[in-house]
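Here's the structure we're looking at; comments come further down.
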Amino acid sequence: MENTVVSATKFNAWFGDNHVVKDVSINIEKNQCVAVMGPSGCGKTTFLRCINRMHELIPGATAKGSLKLYSDEVYTMNPIYVRYKIGMVFQRPNPFPNLSIYDNVIAGYKLNGLKVAKADLDNIVQKSLTSAALWNEVKDSLHKKGTFLSGGQQQRLCIARAIAMEPEVILFDEPTSALDPISTSSVEQLFHELKEKYTLIIVTHNMQQAARVSDKTAFFYVGELVEFDDTKQMFTAPKDVRTQNYITGRFS
Amino acid sequence: MDARIGIRNTKSILFKSFIIFLAFVVTIPLIIVLLYIIKQGVMQVNWHFLTHVPAPEGEKGGGIANALVGSLLIIGMSSVVAIPVGILAGIYLSENPGTKLAYYSGLCVDILQGVPSIVMGIVVYFWIVKPFGFSAISGSIALAIMMLPIVIRSTEQTLLLLPPSLKEAALSLGVPYHRVILKVIVPCGFAGILSGIILSIARIIGETAPLLFTALGSNYLSFKVTGAMESLPHLIFTYATSPYDDQHDLAWGASFILLMFVLILNIFTKLITRKWKIQL
Amino acid sequence: MRFKNFPTFQPYNLTTIFKIKTMTPLETEIVSLKKELISMWMLVQSQMNKAKEAMVTFDKDLAREVLIKEKRVNSFELKIDRDCENIFALHCPVAIDLRFLLAALKINTNLERIGDIASGIAFYVVESTENFGMKSLESTSLLRMYDEAVNILIDTRIAFEKEDTALARSIFKRDEVLDEINENAPIAVAEIIKEDINNIPEALYILSILRKLERVGDQSKNIAEEIIFYVEAKILKHMDSGKRKIEGE
């Protein structure tokens, strides 16, 4: 398919001898918001981390199979380049505490030593913070440290930081599980807007969140991809009985 | 029943008072020492004192310029060696906590910390002084070896306290490993590392035993690091036990200066950790 | 008058909804569902009006139009049901949103039944061989009843649009008028038959239409109850008129 951004074919991952992701095949299309859900230990976070090659940073972690960004194999590309193209936002907001808000947003450029003109940097900061719905709240305090913001604002700062690198895909690892309900809904509102420019893949424990924000949902169970379908279909009439049991809370 | 509760309460009160009393008692030796040295030494310190070498035996006047310069040079050279090595080793230990190398080198660092300073001095004497003669450099080497464990351990502890999410955030932006360490991890742990460095300096500034066999001492102001050099602790040792009163005065003055150095370094460390500590 | 105690929280009042704040996805879905219901409502209204005109002017072509448009009413019902199901599944609504959806499902069904009634009346026009005499239509108060039924339908729509529960409450009394006319129906129709025995087919059609219009009134009353339920969380179903008076006015 022309539109496929990330595609996995029979992808496997291990932690030492522990086979965590088993033969996963999935095609994710451009400008979609895909939610990945499943019970704890089902391999969804591991799979997510394989996409931008963060998985291999853990000692003893291995992976095998085909995982492509457009038509290039992720595991043959330079990992630095992969991470430029595929950004990530983590569960606990983690802005760099020694950098100001301004520097946090352009951290990708600064820490990599990429030379960009000052006027362009200003532009990038403004655009990214606007896309992350944070510009109006911080535009007068860009040179203060990032850790004085509230949890929801810090998470949006991390999103702005990821956006500033102009990735193709943004991965979210349970992005709102450490936030209060109001911050959560402001971040969820953001997903609807981000979808138009980027492809989003969100791992979440919260089924209602998956239902609210995503176009398609993938259900992982014990390392396997059990079902991958439109969210409306998944939540009204799922095809697999395991999906139904998970969604209705019937798991023991 | 009431009587029993009453006794219990009394015991509690006694216990609390006892520990408060002991906490207070602990401050007494420090205060006594401080006051005595200040009383004896503060009058000695003046510009002449700091800029002149000691007078020949029996004569009045003189100063501790050679010891001051000597101490500063020796400590400077030790730091130049010990600090980079210590920080890098500390980084390795914090980044790879599970490996065999980390385990054994950590063990060595801990043992090194316990080696008596005079033993260190003797070893350096046989290795360097015997073939090459007394020199400030040999003194610096001995002191550097003593500084290492403190710098390594404090770097390691500081970096271990940093949340792993910090490293992850940097890596996910495509930052290569060496830049992650140098531009994110170390700057965030800067306060802790710096306080470790200053504490190690404060420790070796007063070490006499190693310098007895290595830098020795001299009555002349010299900047030649390949030759013998005076140092504050050595001067105090020599002059405090001499029969001349003038030299006793010099020793008191030097003790005062040394004490001030240590005090200021410790206070400075506390201020830095409070002011520069990165709010994680 | 207890109108002053009515809540002023009107989140889906379509005449005031264009506030400064942007709507959440759930709000957007609910507003679009509401607009769909209104469209269905307008369609059913026009079906009723066309059926009345066809009946009065005995225009068989107009009646056939009504029968064809009935399919559209049915497809509205299916779509609205599906949309409600999707909103339930994806958003797990609570409080007023939940009540709105439950009310919307029932209003959907009621509207579809009114649409059936309109097409039933149109069916009689197509099937009947003779037109309905003006005299019969007058003597049974059929035209008056028809006008009142359509007015009640329009007013329930306005009450739904504006979340106006006072207007919704006024429906109950007006439905009683329809009930009265319906009670008199057998007598009035018997008169028509007595006048001329050949009038029997026409009389039977008229009786049937009177019954149908009474049901339109009942369906509208149900809709009014649902509107009050969703806006105020008060349930007025199955209450006799005495108790309802105490509750509502």
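Brief remarks on what is shown
The letters A, B and C name the chains in turn, as written, and every chain counts its residues from 1.
To be clear about the criterion, contacts are C-beta pairs under 8 Å (C-beta built on N, C-alpha and C of every residue); 3 or more make two chains touch, one makes a residue touch a chain.
As the structure is a prediction and not an experimental result, all values here were calculated from the model.
Note on connectivity: the fewest chain-to-chain touch steps from chain B to chain C number 2. Comparing the centres of all chains, each the average of its CA atoms, the largest separation from chain B belongs to C.
In this view the innermost chain, defined by its CA centroid being closest to the centroid of all protein CA atoms, is A. Counted by C-beta pairs in contact, the busier of A-C and A-B is A-B. Mean C-alpha position of chain B lies 91 Å from that of chain C. Chain A and chain B have Cα centroids lying 48 Å from one another.
Chain A meets chain B in the complex at residues 52, 54, 57, 59, 79-84, 87-88, 90, 92, 94-98, 107-108, 111-113, 145, 147, 158, 161-162, 165. Residues of chain A touching chain C in their complex: 185, 189, 192, 208, 211-212, 231-232, 235-236.
Against chain A, in their complex, chain B makes its touches with residues 98, 163, 165-166, 168-176, 179-180, 183-184, 187-188, 190, 278-280. Interface residues of chain C, counted against chain A in their complex, comprise 24-26, 85-86, 89-92.
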